[in-house]
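Chains here go by letter, A, B, C, D, E and F, matching the order in which they are written, and residues are numbered from 1 within each.
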Amino acid sequence: MCLAIPGKIKSIEYQYDGLVRMAKVVFGGITKEASLEMVPDAQVGDYVLVHVGVAISKVDEEEAQKTFKYLEEIGEIDELVEHAQIDKNSIDEGISKFL
Amino acid sequence: MPQLDFEVITLGHGSGGVLTNKLLESGVFDLLKNPILDDHHDGAIFQLEGKLAFSTDSYVISPVFFPGGNIGELAINGTVNDLAMCGAIPKYLSLSFILEEGLTMQEFWEILLSIKFAAEKAGVYIVTGDTKVVERGKGDKIFINTAGVGQIHPKAEISSRKVQAGDKIIVSGNIATHGIAIMSVREGLEFETSIESDTANLNHTVKELLDTFGSDIHLFRDPTRGGVATVLNEIARDTKLGINIIQKNIPVIEEVYGACELLGLDPLYVANEGVFMAVVSADVANDFLAKLKTLENGLDAAIIGEVVEEHPKQVVLQSKIGGKRVINMLVGEQLPRIC
Amino acid sequence: MKFLSEFRDPEVVEQYIAELHKITTRPWTIMEICGGQTHSLVKNGILNILPKQITMVHGPGCPVCVTPLTLIDKALYLAEEKNVILCSYGDMIRVPGSKKSLLEAKASGADIRIMYSPLEAVKIAQENPSREVVFFAVGFETTAPANALSVLHAQRLGLKNYSILASHVLVPPAMEAVINDEEAKIEAFLAAGHVCTIMGMNEYEPIVEKYKIPMVVTGFEPVDLLQGILMTVRQLENGEAKLENQYSRVVKAEGNLEAQKVIAKVFKTDDREWRGIGTIPKSGWEVSDEMAEFDANKKFSVNIQKVPECADCIAGQILKGIKKPFECSQFGKACTPLNPLGAPMVSSEGACAAYYHYSEATEEVLA
Amino acid sequence: MPQLDFEVITLGHGSGGVLTNKLLESGVFDLLKNPILDDHHDGAIFQLEGKLAFSTDSYVISPVFFPGGNIGELAINGTVNDLAMCGAIPKYLSLSFILEEGLTMQEFWEILLSIKFAAEKAGVYIVTGDTKVVERGKGDKIFINTAGVGQIHPKAEISSRKVQAGDKIIVSGNIATHGIAIMSVREGLEFETSIESDTANLNHTVKELLDTFGSDIHLFRDPTRGGVATVLNEIARDTKLGINIIQKNIPVIEEVYGACELLGLDPLYVANEGVFMAVVSADVANDFLAKLKTLENGLDAAIIGEVVEEHPKQVVLQSKIGGKRVINMLVGEQLPRIC
Amino acid sequence: MKFLSEFRDPEVVEQYIAELHKITTRPWTIMEICGGQTHSLVKNGILNILPKQITMVHGPGCPVCVTPLTLIDKALYLAEEKNVILCSYGDMIRVPGSKKSLLEAKASGADIRIMYSPLEAVKIAQENPSREVVFFAVGFETTAPANALSVLHAQRLGLKNYSILASHVLVPPAMEAVINDEEAKIEAFLAAGHVCTIMGMNEYEPIVEKYKIPMVVTGFEPVDLLQGILMTVRQLENGEAKLENQYSRVVKAEGNLEAQKVIAKVFKTDDREWRGIGTIPKSGWEVSDEMAEFDANKKFSVNIQKVPECADCIAGQILKGIKKPFECSQFGKACTPLNPLGAPMVSSEGACAAYYHYSEATEEVLA
Amino acid sequence: MCLAIPGKIKSIEYQYDGLVRMAKVVFGGITKEASLEMVPDAQVGDYVLVHVGVAISKVDEEEAQKTFKYLEEIGEIDELVEHAQIDKNSIDEGISKFL
């Protein structure tokens, strides 16, 4: 459930007599309006996660990087290349299981 | 636009009487003038020899004016392209309007101009037509039907029976652009974008390819409604062969990609215009691609997959990350998802 | 697109796959609760590049699939009999009620409109002061803030013609229902990243503690999912049972406090029926008493007959991972995506629908 | 009607995906089966030599089912007749639907059956087609477009340039019947009657007349929208000659006459189907009439007037009581009058 | 058709024509008041088989033509701004108001429906309880009973959503206005047979007496008209001035008393503006106070600017027979049936429209 | 104004709880509903003159015949035939006046 995608805030305007912050958020070249009511500290330039027209979270750049350091962290990165070769076969087997 | 004593279309303009004549003679006939155009008779008469192609489509797009075009050029290009997909040189088109009461003459005129230019660009004559007007609320501004007659290219041997394992599948340009351009102006979904419909006539490009590659081209198809996925499935079904597609080879522009992410759509199912698919024999695939890239609307062409013996009637996509999945036909309309 | 493309990088995927293949020694059954994750697994072809020992079970986390028949019938009634403008998310309108779907009702003349956002529905209400506008507010915790906001917007605008038909379900009670089912043999969970974005992780600590079951809050992109699975399998292989957070770029332990405030204002917790599963105590949100005037249930007196699910449908067992779709007698026969008998055949991420597409292939190949 | 798992048409049936295929393959293709019918491709391919006629019309009638017929046979007969009016032997038709969401499959099937029978009766093949679905309230149950290709009869020399003073004007049957049949079921105007639309294909009759009278037939026209008056005015305008019409010779059945009196309509302006007008040289007029009376749909034929040098571009009617008046083109739609 | 066919018998026509030619010795100018009679004269080609000395002048008796601009604007306002279902007779909807016609408003989205009978409009009101239905009740005395009946039917049904926009004009005051105009040189009248069917002949006695002008109540078929004209010419030739009744098969001296009762219940006499002529005292009917709730004028507060008629239009003189259409500077130039500037160009029985069609022919022939 | 045509009453029914008489009236083969409220004595078989859905009068057969006896009555019928011939010319003149 819950298709939400990250976009960059291009501009912010106020609606309802200044009560509500609405942003133009850019997603890969397209722009869509989103409410910033759930992310009061989001500013122009920030990335926010938008779900059905509402930004539900800011996206944290630093935390994002952790995913790419995780394998290194768990200290196993060196042995990977050879395994990758082996797995090619196992992948094809996997497919034929489904077809 | 000519000076007229009416600003909007009313039922009378479809009554067949003075108003219908006024409407048609106010400039419609002039605009589309050509040696054969409906001589105030019930049909057009012309001479054509040999193997002929005949095709029709009705156009019901909403909104009528969309980023990058309008229903008028769509209606011309659509039938021109369907004829081209048969391996034909499009020659003569019929043009039939169903207008909704209240359509403004200005909108109608703008559509007519697009029709004129699209027909000129494609090199086809509009030779016969019809105009009906329906009551407000019984139509949607304007529906257009075109039918067309063309001559089969002497070298063309387009048939799903010619498709064989090993053949390469080529798309002529970026996919899903048209469908997303339309979606960007739909009520409840609107978004800002510079995406424009890429509607275009493909007949000149197709002709040059047929000139050069002749019978090595096994199939042409334009992936309009239902998108690339539907055409691939139809080919697999008709040929009883399998198809493998490489996701990373499929050309999609970034903005279209973004819109698809946002709305939960799959570009493979989004409608196209100005894009065709070709199935060609493996020998010529690279030359075909190279040539196509030099032709009109062919710059972004790509080989996206091939016909295989395995998994007959099935289309299998290898995802960007190396996984595989079956690509089925679309069930119903693609609708934006929340999950 | 930033924060998407990186997480689809084939090279990173390859590394994670390799690591998974390396560390997996035994069969493991993991449930991804969230239908969005199911969708991503299917769409990216991840299922068939995982080690064969890993079985992913698709959980009940599709709000569209679990919306009960009665509620769809209610929405249909409002659209057809009460002449309201019924607004809904696109994937909801294809789901069949006891007699037809909203899409069919629309085809027969009901004024049903597809919205990207409930905030658009409020605009529709503003533009049609003489019509009643009802938003069919389905969703898990993720969607609740947006649905709630629409009520607050309508209130600020003084609209008297806007209300929501709430169908809000909650993940933790459903998770416990799955765990408590004796036949279900789920050994670990991928928790739903976007639900946790709103609610945080604190709700899940007690579950992990109580049932000693590994759980990783996971995102939706291929790399996210693979990292989540890897973290889960590492726990399983190591005999651990921890709550971990793969999706830390958006999920905080405490969740989104603003969103929780808005939810608290508009909704209250209640028992709820899940299609294919039955009633789960305290597993849903209803419109709060304070906001009763925006509750379509209260605004329109609707007395809908509760209709039983198709007797042959084994959706409950499917949604809990007890049975596979092809073990259902109706699968691929009376029940197809075009004409679904039960929840898991309904939307593209439903388990039965997913298997249906694969099995089609299988049949062809075997024939 | 085949067993289907849907009862009404929804947008998905026009999406180009599974539902579209289901709809078409559920029986539509079977029903219209013929050697050339759209081979799942974008158009039909066939061989035709010589001078060809090409015509199109869109059909938007309300109600879709009316006394004596439905929109389906109208759509086939209309284009068949337009081709016949060009002096052609109709051969191949395209068929394009714009369906409104909510049309029941049962209605659609009934229309399809009418199409099948009408095409068989006319001896034409439906070789290519299209199906679109529009949202509820954006259409009117069903609109149909047909386009057609035919071969010009070797003896035909149909042209307004051939019309000359002295030529006789013939109608092939009772006029205004179709228009009044439709009017009898319109909201706010309904009346009880046994009047039924006389929609019919005229091509066989026209062919026999061409076989016999060849170049002595100067013009054929079918007085559909706008009625006989409009066609007469168009002929007068195009030929720059005058036309005299004798009111008492114009065949109108009594019930149609009664309905026209009641609603204040003039039968000369009411739409026809299954009726054609011919302009023939005076020498053969009586023989032509005699022959026509023996042919299908020709029993009530009559010579209603002649082409004259006087009052060029004007149509003058001699009333039953001996008075004369000018018959103009219809301004707008004919509406029921109170005075 | 009985009572029609006999009255169109060419032989009888021939006899009447012959008699007319025989007895006519001097030029006579006769006005047929009724547009329906004008229509019949034109349609049957009677005008050009009459003796040349007889000039028929087409009177103001077309309710559609004389409906004032302001009232059409009012109907437009109700249809466009008040979202009513506006029902109207077919020939009314083509007449231009100050900016557009009802037909154009309909094309632009207004809900305007053509009815054969006002009783059908009452049914529309019954079927659409949530909409206001207004019937545009134009007409002379003939149509008044039907329009009045619709109000009584609505009352019986307890409908609160039905009203009429009355535009009812009366023949006798108009006749006197024509006679009193110094420039008008009408020597005799064909009185309108269907008006007299309702109102009888008694109203006309005083006019004949006062102005010493021959008058024959006449029907609508060729034989009726020719007999009426013959009776008139006989009076003229004999120097008489009597009220005679050619149309005795339906017209009684006292008229239709039932109809008069219904009219008295629903309408009251008032001054009324005639398009092209101006206000004539006591020449129209408004909805009575008793029936005020069915009066669209009272029900909807409409304040329509009175717009002047086109300054160049000489409709007043045309309608009184003072000038011929081709004496108007706009005739056939700015003013055509497709784009009428004034009342007599509006409907097919208007004098300017009738002449326009003939003059087209003339131009062609002369060219 | 006031297009009204004669038709024959085929059947009569009561509406509004018997308050209103409605008839089916036949006009040359077609049938249309008309209110009989203005012609309380009209019966099945009678001819009535119908205007916009309301019968506004019965049609009197005897009176109708008078039109066909009128010329005879005014005693001139004998001389008509020769005049009719003469008038043929005058008719054509009349027409050319308009064309």
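The criterion applied here is as follows: a residue touches a chain if its C-beta (ideal position, glycine included) is under 8 Å from a C-beta of that chain, and two chains touch if they have at least 3 such contacts.
Predicted model only: the values in this text are computed from it and were never measured.
Student: From chain C, what is the lowest number of touch steps before chain E is reached?
Tutor: Counted as steps through touching chains, the separation is 2.
Student: Across the interfaces A-B and A-C, which one involves more C-beta pairs in contact?
Tutor: Here the pair linked by more C-beta pairs in contact is A-C.
Student: Let me spell it out: compute each chain's centre from its C-alpha atoms, then which one is farthest from chain C's centre?
Tutor: The most remote chain is F.
Student: Which one of the chains is farthest from chain A, going by Cα centres?
Tutor: F
Student: Is the contact between copies chain B and chain D built from the same residues on both sides or from different ones, judged by whether over half of the numbers are shared?
Tutor: Chain B and chain D contact each other through largely matching residue numbers.
Student: Nearest whole angstrom, what separates the Cα centre of chain C from the Cα centre of chain F?
Tutor: That gives a centre separation of 75 Å.
Student: In whole angstrom, how far does the Cα centroid of chain A sit from the Cα centroid of chain D?
Tutor: Result: the chain centres lie 61 Å from each other.
Student: Report, in whole Å, the distance between the mean C-alpha point of chain B and the mean C-alpha point of chain C.
Tutor: 37
Student: Provide the list of chain F residues touching at least two other chains, using ranges where the numbers run on.
Tutor: 1-3, 5, 27-28, 51-52, 91, 95, 98-99
Student: Would you please write down the residue numbers of chain B that are in contact with two or more other chains?
Tutor: In chain B, the residues touching two or more other chains are 10-12, 18-19, 135, 137, 254, 257-258, 261, 264, 310-311, 314, 316, 322-324, 326, 328, 331-332, 337-339.
Student: What positions in chain E touch 2 or more of the other chains?
Tutor: Counting only residues that touch two or more other chains, chain E contributes 1, 4, 14, 34-36, 45, 47-49, 62-64, 89, 103, 116, 120, 139, 143, 338, 358, 361, 365.
Student: Going by the touch rule stated at the top, which chains touch which?
Tutor: According to the stated criterion, the contacting chain pairs are A-B, A-C, B-C, B-D, B-E, C-D, D-E, D-F, E-F.
Student: Considering the complex alone, what residue numbers of chain F touch chain D?
Tutor: Residues 1-3, 5, 24, 27-32, 50-52, 91, 95, 98-99.
Student: Spell out the residues on chain D that touch chain B in their complex, using ranges where they run on.
Tutor: Within the complex, chain D touches chain B at residues 10-12, 14-21, 39-60, 62, 81-83, 85-86, 88, 92, 94-98, 127-130, 132, 134-135, 137-140, 143, 145, 147-150, 152, 158, 160, 221-222, 224-227, 230, 234, 238, 269, 271, 328-334.
Student: Within the complex, which stretch of chain E touches chain D?
Tutor: 1, 4, 8, 10, 13-14, 34-36, 39, 42-49, 62-64, 87, 89-94, 103, 113-116, 120, 124, 138-139, 143, 222, 337-338, 347, 349, 357-358, 360-361, 364-365
Student: Taking the touch rule as given, give the residues of chain C at its contact with chain D in the complex, in rising order.
Tutor: Counting only chain C, the residues touching chain D are 103-104, 106-109, 338-339.
Student: Show which residues of chain D lie in contact with chain E when the two form their complex.
Tutor: Residue list for chain D touching chain E: 187-189, 248, 254, 257-258, 261, 263-264, 266, 310-314, 316-326, 328, 331-332, 335-339.
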